[in-house]
């Protein structure tokens, strides 16, 4: 019994590590390549990156609302990496599971069943954030 | 002077009528054709229409937030009629001009400058709702 | 009574004329501009136009099936003129109203509610073909 | 000679296993994540999944025709997982190789050469279904 | 005979006026609504408009090349207003008819036959610029 | 010191090999599957492949310009494999790093921030071509 408990703890710990790894790998590649893009020294790209960050800052709408808007836009346009990015931001800004599923529902109704494969990967990533 | 005032009142009234007309024409065509679609008596289409209405009802997220989500999704997918529909719903649900412009900003950053022509028509329609 | 009948006949005739006009206007503009494109004398465009016609000719699949495939593809890509073109071809190839609505249903489930405004115009055009 | 025959049989068997594996992996992930989505307990998503299955059931059009319609829609919208799903359904419903290539041709003419990378993966998956 | 000549001159002049009108109407609506957007006083939108102009200025690539890049991007994304805008800029930057048709050909091969309806309107607008 | 130099040379060589491998793997899969498509013996697909090659040949516009047009079209349509293909062609046709970044900038302004994940992979592939 003690052994079973230990085995289970170990298994949970291993799953947790793998999940963190999935999130970390995504973030690491993202950061590394953003640096490579900046190194290209193209003024338009630099300013677009800058503008992109400003878009989601607190204003008439809260950061939480804006991140949900970014998420639904990314889902209907079917951009997996954009979805992951905004899922993280939603998670950090206390969007609940019930709320995020209502965002998913709107995306799938507006964008149709071709959004479903992206939803599968989104749900998987959300569960990795939650663990 | 009294005459100038009258002329101005009349002009404002005429503009108001034209604007109402633009909104009404959109709504009339929409209703008429939805009826024609329902008359086609296709079960999948009927259930999809029904499901569509349910998607935006009050839940973990408010109707106001959901309508803004519907708006941003419609903008990045560049569907003028969908944009008009959600603009009306946003307006009815007390989204302010400042808020709706922040939704526009996210749509244009995520979706790029090809969204701008749709933004022009959206701003025109929003002003027709406001008058 | 005889007068009422005449009035009704006249009205139906007028509607029929207007509907034919909508279909004809679409076809006339299409033909006129295709000629202008051919006059541009670009070899790639000429061969693409030629290839396009061959794609829908009888083969392992019937013309009727191919035109329904062209229709559903046009709907999910939300191209009104392409939809009208394939609707005409479907109509000529004896696709029934029930069948065309099943094509519509697939397009709207796969492509989502942003397809609905195009569906409205498609149903309108189909009724113009039927009268 | 007997040895060469055995070696060949063994190699074919190994290839068969790898191909089954590609198809199975796709189906397993799909099933697992669909369960996770259902566990989210969002009514709109549940009803959309239900509606999706009904869309392709026998009606005025046969299941075979409907699955080809689903396939061409998935190809022009460039959704690899949707393509794989409908390819399996087409295969089960006795769509021949010649027929499936005519569906491919329509998708590539309507959707352009950006569909070709998805066609490559579709042809690979089709061959995995055929072995 | 003198009369026929006069009649012809008058007709050409009338066509010229109508064509100018099509180009002018497009530009007028565009300017008017851009002002309305700026009046919304949203910082992100203002900076995006500013950045948009900078993107097409002379750099490692010439303005002419950049405008052709903007044109082909607008065509495959099927944005009529964006196409008209870049067609004007191409025309001002001495892109020849032969060159613009080669841009059209790339757009139609990459984006498929759903680009053709937009090509029809593009050719019509180009001819309005040329007269 | 001699050892450090050797170690460094060895490391660079290993990186070079890995990069070549990424480019080669892409090209090998592409060639292999193109052959499988041709083996399908569909006349429309064969002619489309043929037409595709002709589109980018020297004409009123140079091959270099046409490949940049193909690249920007592929980026806004967010097709990673198409991007890689045209990046190779651009590289072979002496497009400089500065020029390719100006193409990237136009794609990201027109198509919005959803193009950025594709830009990351494009910059990675470009660096693999450069080494």
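The first chain written gets the first letter, and so on, giving A, B, C, D, E and F; residue counts start at 1 in each chain.
The rule is simple: a contact is a pair of C-beta atoms (placed from the backbone, for glycine too) under 8 Å apart; a residue touches a chain by one contact, two chains touch by 3 or more.
Fair warning: this is a prediction, and the values are worked out from it, not measured in the lab.
**Student:** Between copies chain B and chain F, are the contact residues mostly the same numbers or mostly different, with half as the line?
**Tutor:** Over half shared, hence same.
**Student:** Counting a repeat as over half of the contact pairs in common, which of A-B, E-F or C-F repeats B-D?
**Tutor:** C-F
**Student:** Where the centres are mean C-alpha positions, what is the separation of chain A from chain E, in Å?
**Tutor:** That gives a centre separation of 38 Å.
**Student:** I'd like to verify one number: the distance from the centre of chain A to the centre of chain F, where each centre is the average of its C-alpha atoms, in whole angstrom.
**Tutor:** It comes to 28 Å between the two C-alpha centres.
**Student:** At least two other chains touched by the same residue of chain D: list those residues.
**Tutor:** Residues 44, 48, 51-52, 55, 74, 76-77, 82, 98, 101-102, 105, 108-111, 113-114 of chain D each touch two or more of the other chains.
**Student:** Mind listing the chain B positions that touch chain E in their complex?
**Tutor:** It is residues 78, 97-98, 101-102, 104-105, 108-109, 113-114, 116-117, 119-121, 123-124, 127 of chain B that touch chain E.
**Student:** State the interface residues of chain B toward chain D in the complex, per the touch definition above.
**Tutor:** On the chain B side, the touching residues are 43-44, 47-48, 51, 54-55.
**Student:** Which residues of chain A touch chain F in their complex?
**Tutor:** Spelled out, the residues of chain A in touch with chain F are 29-30, 33-34, 36-37, 40-42, 44-45, 48, 52, 74, 77, 79-82.
**Student:** Per the contact definition, I'd like the list of chain B residues that touch chain F in the complex.
**Tutor:** That would be residues 76, 108-115 of chain B.
**Student:** Mind pulling up the chain A residues that touch chain B in the complex?
**Tutor:** The touching residues are 51-52, 55-56, 59-61, 65-66, 68-70, 72-77, 82, 96, 98-99, 101-103, 105-107, 109-111.
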